[in-house]
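Chain naming follows the written order as A, B, C and D, and within any one chain the residues start at number 1.
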Amino acid sequence: MTLSNSNVPIVRREALKNRLEQLTRMVEIRAVEERIQKLFAEGHVRGSTHLASGQEAVSVGIARSIDPDDIVTCTYRGHGHALALGVSPTAVIGEICGRVIGCAGGLGGSMHLVEPEVGLLPTAAIVGAGLPIACGAAMAARARGKDRIAVSIFGDGSANIGAFHESLNFAAIRKLPVVFVCENNLYGEYTRIQLSTPVEDIAIRAASYNMPGVVADGQDVDKVAEAMATAVARARRGGGPTLIEMKTYRYSGHSRSDPATYRPAGELDAWLKRDPIDILAERLAGEKILAPGGLDQLKADISDAVERATMEVLDSPAPDLGEILSHVGAHSAGGDQRWNFWSK
Amino acid sequence: MTLSNSNVPIVRREALKNRLEQLTRMVEIRAVEERIQKLFAEGHVRGSTHLASGQEAVSVGIARSIDPDDIVTCTYRGHGHALALGVSPTAVIGEICGRVIGCAGGLGGSMHLVEPEVGLLPTAAIVGAGLPIACGAAMAARARGKDRIAVSIFGDGSANIGAFHESLNFAAIRKLPVVFVCENNLYGEYTRIQLSTPVEDIAIRAASYNMPGVVADGQDVDKVAEAMATAVARARRGGGPTLIEMKTYRYSGHSRSDPATYRPAGELDAWLKRDPIDILAERLAGEKILAPGGLDQLKADISDAVERATMEVLDSPAPDLGEILSHVGAHSAGGDQRWNFWSK
Amino acid sequence: MAKIWIRQAVLRALDDAMTDDPSVIVMGEDIAAAGGPFKVTEGLLATHGPERVIDTPISEMAFMGAAVGAAVCGLKPVVEMMFIEFIGVALDQLTTQAATMRYLSRGRLTTPLVVRASAGAGQGFGCQHSQMLDHWFRGTPGLKVAVTSNARTTYGLLRSAIEDPDPVVVLEPRVLYAEREEYEFDRNYRIPLGQAEIARPGSDVTLVTCGAMRRVALAAAETSHANIEVVDLLTLWPWDRRTVAESVVRTGRLVTLEEAPAGSGWGGDVVSSIAIEAFGRLKAPPHRITLPEAPVPYSGALEARFLPSPAYVAEQIATLVSTNKPPLPWWRNAA
Amino acid sequence: MAKIWIRQAVLRALDDAMTDDPSVIVMGEDIAAAGGPFKVTEGLLATHGPERVIDTPISEMAFMGAAVGAAVCGLKPVVEMMFIEFIGVALDQLTTQAATMRYLSRGRLTTPLVVRASAGAGQGFGCQHSQMLDHWFRGTPGLKVAVTSNARTTYGLLRSAIEDPDPVVVLEPRVLYAEREEYEFDRNYRIPLGQAEIARPGSDVTLVTCGAMRRVALAAAETSHANIEVVDLLTLWPWDRRTVAESVVRTGRLVTLEEAPAGSGWGGDVVSSIAIEAFGRLKAPPHRITLPEAPVPYSGALEARFLPSPAYVAEQIATLVSTNKPPLPWWRNAA
C-alpha cells in the first residue's frame, strides 16, 4: 500500500506530492521512532537519541512545501525531518545504529543525519547552530541566481539562544530567502517553555526584525503546508525571511529514557486527541482517498517495512576502521566527492 | 564655579544631585573628550579611543538616577559614563594615557575604565559582553537581599548581537533588577543603523521578552533621568528589567581619527542644534540656576580644570614593570584587595 | 567503604560547598527542577532553594556572563556546561571577561566562579558532544583548568575549585558518571589546584595522564612488563611541574596519555617542559599517546578503536622501552 | 621594486582571488562601504559589488555561521574577524560546525572558507584586543591555521587559504598592517599551507617563529654572535615538521619565539615533537621564548617589556649557547 518503497531520497521526496503518501510518510516516521526507541532499549543505539513522535505533521508539511534542491538545516531532533525529506528508513536507522549503511556511514549517529541529494545538511547537535548556516545557504542560492531557498528547523528552547536573534536579524537585513521554522513542542529538555521564555508565542519575536511571524497548527499537515507555502513564496520572490512557529508536541521525553515526569497530568492525553496522523487520516477518509480501515492496514504495512529496514540495518556491518581518518580534510584517504548543489 | 572639585569618586557622584553640578559634569565630559582627542593627536594615547561628545546627557542622566552602590556595566565608549559615575578626570585621562594614576593603573587603557567604589565594573571591549554581566550583578544583589540594581549601557549596534537577546530574555524570566540602556547614536562603527537593523526603534525588541521598552530623548538629561527613574523604581521593587533606548548622537567618528565621512551632510549640524549641554544650560538659565554668561564661565573653568588634570597625568609616571605580573590571579604579587560591594 | 556512583561525588561536592558557603550558587540548563541532565545536581533545589539552584534558558552566553557578574559582586557561581562543546557559543565571557577582571581592576575585582562540564568520549555521543577541549582554556592567564578522574578526585578538585578566588574550569569525564567506586566522603578533603598525584608508583616509565585516561593508564600498568609510574595531572593549568619532573628523573622515561589529538593536547607543553628541564637525563625519547587527528566517530567499533585501550598503551610502552624509539601510533602503522 | 603597505597585500590577495574565482565572497563588519576598520578591503565593494562584498551587522555568530552555510553550498567565503578575540562569541560555528562538515557527510559536503583576523599585541589595544589566540584553533581536526609575517607571506598564504578546500584561519599580525615593505606582486605566488620557510639560514641555532615575531627573530639574528637560522612556520597547523626537524638536526639547537604565554603557545607541540624525533641529537636543551602568563598590558612601557625584543631574544640565545642551559625568562630573573 505504500506508494514509494524506493530507498532513493529524491524519489521518496517527489512522492510526497501524493496525499496518501503524506499520510504514509507520517505513519512511517512514527513507526521508525518507535522502532528506534526499541533499538535503544535493545542496546543498538549509543549516546543519545531524540524522538519526534507527535511532530510528524511538521516534518511532512515542510518537506512537501519545498523543493528537493532547497537547503534544510535542522537539529538533533531530526529523524522525522530526514525521513520526510527523503532519507530512507534504512539510512536513518542505519545511522542511528552506527552502521555503514547509515546516511553518514555510521560516523555521525542519531544527532547527525544528512543527505545532500535532498538538501539536508548534517543536522547539528549544538542548539542554534543551524540558523546561521541556513542564512549562508540562502546567500549561496542568491549568489547563484537561483530561486532556491533555505529552511532552518529548530525548537522553542532554541529561540532563547543568541544565534536565533543574530540569524533572524541577519536574514532580515539582507532579505535572504530563508524560512525559520520553530517547532514549539512546549519543552526544551525538561523545562516547560513558560519557565524559559517570557512570551507565549515565539512568533511575536519576528517583529524585532520587521519580519512576518506566523503561528501555525503543527498537528495539521495541511496547516503546516499552508503556512509554509506563503513563507516559501515570499522567500522565492525575494521578499525575505519569515518566522513560522509550529505549535506541536513531542509524545516522548526529551531523549533516551527520559520518562517526562515533568509534564502535567493529562497534557499528553489532550495532545494525543489531536494526533497528526489521525487528523490527516480522517481528512483523507472524508476525501475518499483513504478506504475505511485503511489507516490500520497502512500502519501494519509500514510497521512491516520498518521492521525489514531494521533487519537490513542489523545485518549490515559497522563501518571500516579506516573510516576514522578518511574524511577529515581534503588530504584524507576518502578524498573529495563533493556534492554540487548547482548541477541542475 | 564647579561644585565638586573633589577627586573622590563617591563625593563626585553624590554631588550630581545638584542641578548645576549636572551641567558642570556634562561640560566636564565634553572637555575631557576634547582633551583626549588632542592627547591622541599628540601621541599620548595608544591603540584606540572612542569619544562620546554629544552623548553627555545620557551619562549624567543615568548617573544621577541610580545609587553609587548600584552596579554599572558599559562598553569601550565609556569615558563619559565613568566621569558621570564619579571617576575623576585625572583617573580617566590617566588611564587613557597609560599612567599609574589611571583608574586601572594604566593596565587597561581607554576601553577599560573601572571604579568599584561607584559600582563601575571594567568597561568591556567586546560588544555585548556587559549585558550578561549586569544580569549576574543583579542576581548577586537579590541574593544579598539588597534593593540594588544593575545598569548595562551599550550601543545600537550591540542590539544585534546574541548576548543582547540572551540577556534580555534571561533578565526577564528571572525578573532581575536590571535596566538595559541602549545608546542609539545611529551608528555602529561606520555603519548607519538602517543598514544593520531592520527596525527603527530598538526599544520595540523589549516585546520579545515581555518587558517594557521605552524610547527617551537622550539629548535632554531630564528626559533621560525621567525614563531611568521609572525603570529603576520598577527594578528596585522587584518588577523586573526594562529596556530604554536613548536617542542620541556622537559628534565625532567611531574612534580615533575616523572622520565620519559616511554621515549625510547636515546631520551633525542638526544634532548640534539639540546639544545636550545647551539644552540643560538653557533650562537652568530659565530656572535662574545659571546666571547669564554662566555657561561660558563654566566652560572656561572646566577647561582649566581638565587642563590641570591633564598636566597632572602627563607628569605622572608609567606603571612599574612589576605591574605586568601583579594582578593575574590570587597568587600574583599584587595580592587580594577585593572590593566588598556589600560592606554598607 | 561504601560503593557510590561517581556522579554522586559531584553532587556531594556541590551540596557540601553550598552548605558551607552561602554565597555558592549553581546554575545551568535543567540542573534544578530536573536534577541535571546527568543527575549530578539531584536534590540541590529542594535543599538550597530556587535562588541558589537556578535553571536557565538555553542561553550559554547569558548564564556564563551572569556567573561572571555574580562572581564579581560577591557570589560564587558554579556553572554547568552540560557538554563542554556548548561553551563554544560563550567562550568570550570566560576567557576574555572573567579571566581579565582581576587584572583590569588591579586586584579589586575578582571572579571566583567554576565552570563544570561533562567532557570526553566513549559513549557514542558523536563528534559534537565528545571532546575534552581543554585547549580552549589552558594557558589563559587568570584561568585554571582541572580534570577529574574518579570519585575522590572529583570531590577534592571540585571543592578546591569552588573555594578558589579565581575562575576555574573543571572537566568531568562523562564516561565516569555512571561508574561505581568504593569511596567514603570526607567533607574536609581537598586536592589543591596545581598539584598532581602519583596514582601508581613505578620505576621504569613515567606515564602522565588525567581524566578518564587515568584508568586506562592504571590498567595498562597492571599488565605491562615495564614498571609504570602513573601520574594523574589533575590540574592541567597550571600543571605540577615538580611532581612530573621528579618522577621522570627517577624513571628516566616520559610517556603521556592524552584524550586529544596531538595538535591540541596538553602533552605538548608537558613533554616540551620536561625535555627542556631534564635534558640529557632521559633514557629514551619521550612519547605521546594521543587520539588521531579526526572528529570522534559515533559507531561503537570506531570509537573503541579511536580511544586508547589499556592493551594499546601497554604495547606502545613496551615498544618504547625495548627499542628506545617512540613507536608509531596505530593509525600510522595501519596505513 | 615598489614599496607597499603590508595591508595592501591583504587587499591584493582578496581582490585577485575574487577576480580569479567568482565564488569568492568577503564579509565582515564595515569591510564593504567603509573599506574595513584596517582599510584592508578598500575598493573591493566598488569592484565586486554588494553581493560579494558584504557588510554585516555586529553578529559574529550569524556571519561566521552564514559563511559555513555559504561554503557548503558552493561559495568561498572569506570572513573578517576584525580582532581575533571576537570569535570568542562564535567559535562553535568554526570549530564545531565547519570543521566537522566533511566528516559528518563522509566527504560530500565541505566548507572551503577562510577566517582572517587581525591578531597580536604591540599597539596598545589592551588585553581584550591584543592576543594571538591560535590555540583556540590549532589541532582542531579539519581546520588549518596560518599566520602571516610580511607582505609576501600575507599574499601567498591568503591566496592558498582561499583556494584550500577546507576551512582555514589566517591570523594577520595587526602591527604589520601599517608597515611598509619592498614587494612586487605576483598573482601566481602561493605559499602552500603546511610549509615553513627558512627566513635566514644559520648554523648554530634553529629559531622557530612566526607572525610579527619573525622580524624580532631576524633582528636578533643580525646582532647575535650565534649564527641563527630563523624558521618562519607560516602554517601553525598542520606545521612543517620536516623543515623544522632538518634545521634542528643541522644546528643542534632549537629555540622557539612565540607571541603567547607558554601554556597556550604552539611551541609546546613543536618542541615536544622535535625533542622526540631528534632525541639524543641536540647539543643543548631546547628553549622557548614566550610571553609571560599575564593579560597584555595597555601602557606603552609595559607592553614594550611584555613583548620579546630583539635584544632580549639575542641575549636568551647567547645564554643558551654559552651555558648549554635554558635561560630564565626576564620575569623570573626580575622577581
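Annotations for the structure displayed:
Keep this in mind: contacts are C-beta pairs under 8 Å (C-beta built on N, C-alpha and C of every residue); 3 or more make two chains touch, one makes a residue touch a chain.
Predicted model, so just to flag it, every value in this text is computed and none were measured.
Comparing the centres of all chains, each the average of its CA atoms, the largest separation from chain D belongs to A. Counting C-beta pairs in contact across A-D and across A-C shows that the higher total falls to A-D.
Chain centres here are Cα averages; for chain A and chain D they lie 40 Å apart. Mean C-alpha positions place chain A and chain B at a centre distance of 47 Å.
Taking each chain's centre as the average of its CA atoms, chain A and chain C sit 36 Å apart. Mean C-alpha positions place chain C and chain D at a centre distance of 29 Å. The multi-chain contact residues of chain A, meaning those touching 2 or more other chains, are 107-108, 112, 124, 126, 128, 160-163, 166, 169, 173, 195-197, 323, 328. Annotation for chain D: residues touching 2 or more other chains are 56-57, 59-61, 85, 88-89, 92, 96, 100, 103-104, 127-128, 141-142, 293-295. Considering their complex, residues 160-166, 169, 172-173, 195-199, 204-205, 207-211 of chain A touch chain B. Contacts from chain D toward chain B in the complex involve residues 29-30, 33-34, 37, 55-61, 85-86, 88-89, 123-129, 292-295, 297-303, 305-306, 331, 334-335.
Of all the residues in chain A, the ones that touch chain C in their complex are 45-48, 98-99, 106-112, 124-128, 157-158, 160-163, 188-191, 195-197, 262, 318-319, 321-325, 328, 333.
Contact residues of chain A toward chain D in the complex are 71, 73, 104-105, 107-108, 112, 114, 116, 121-122, 124, 126, 128-129, 131-144, 150, 162-163, 166-167, 169-170, 173-174, 323, 326-330, 332, 334-342.
Of all residues in chain D, those touching chain C in their complex are 61, 85, 88-92, 95-96, 99-100, 103-104, 127-128, 135-136, 138-142, 237-238, 260-265, 267-273, 275-277, 279-280, 282, 284-288, 293-295, 326.
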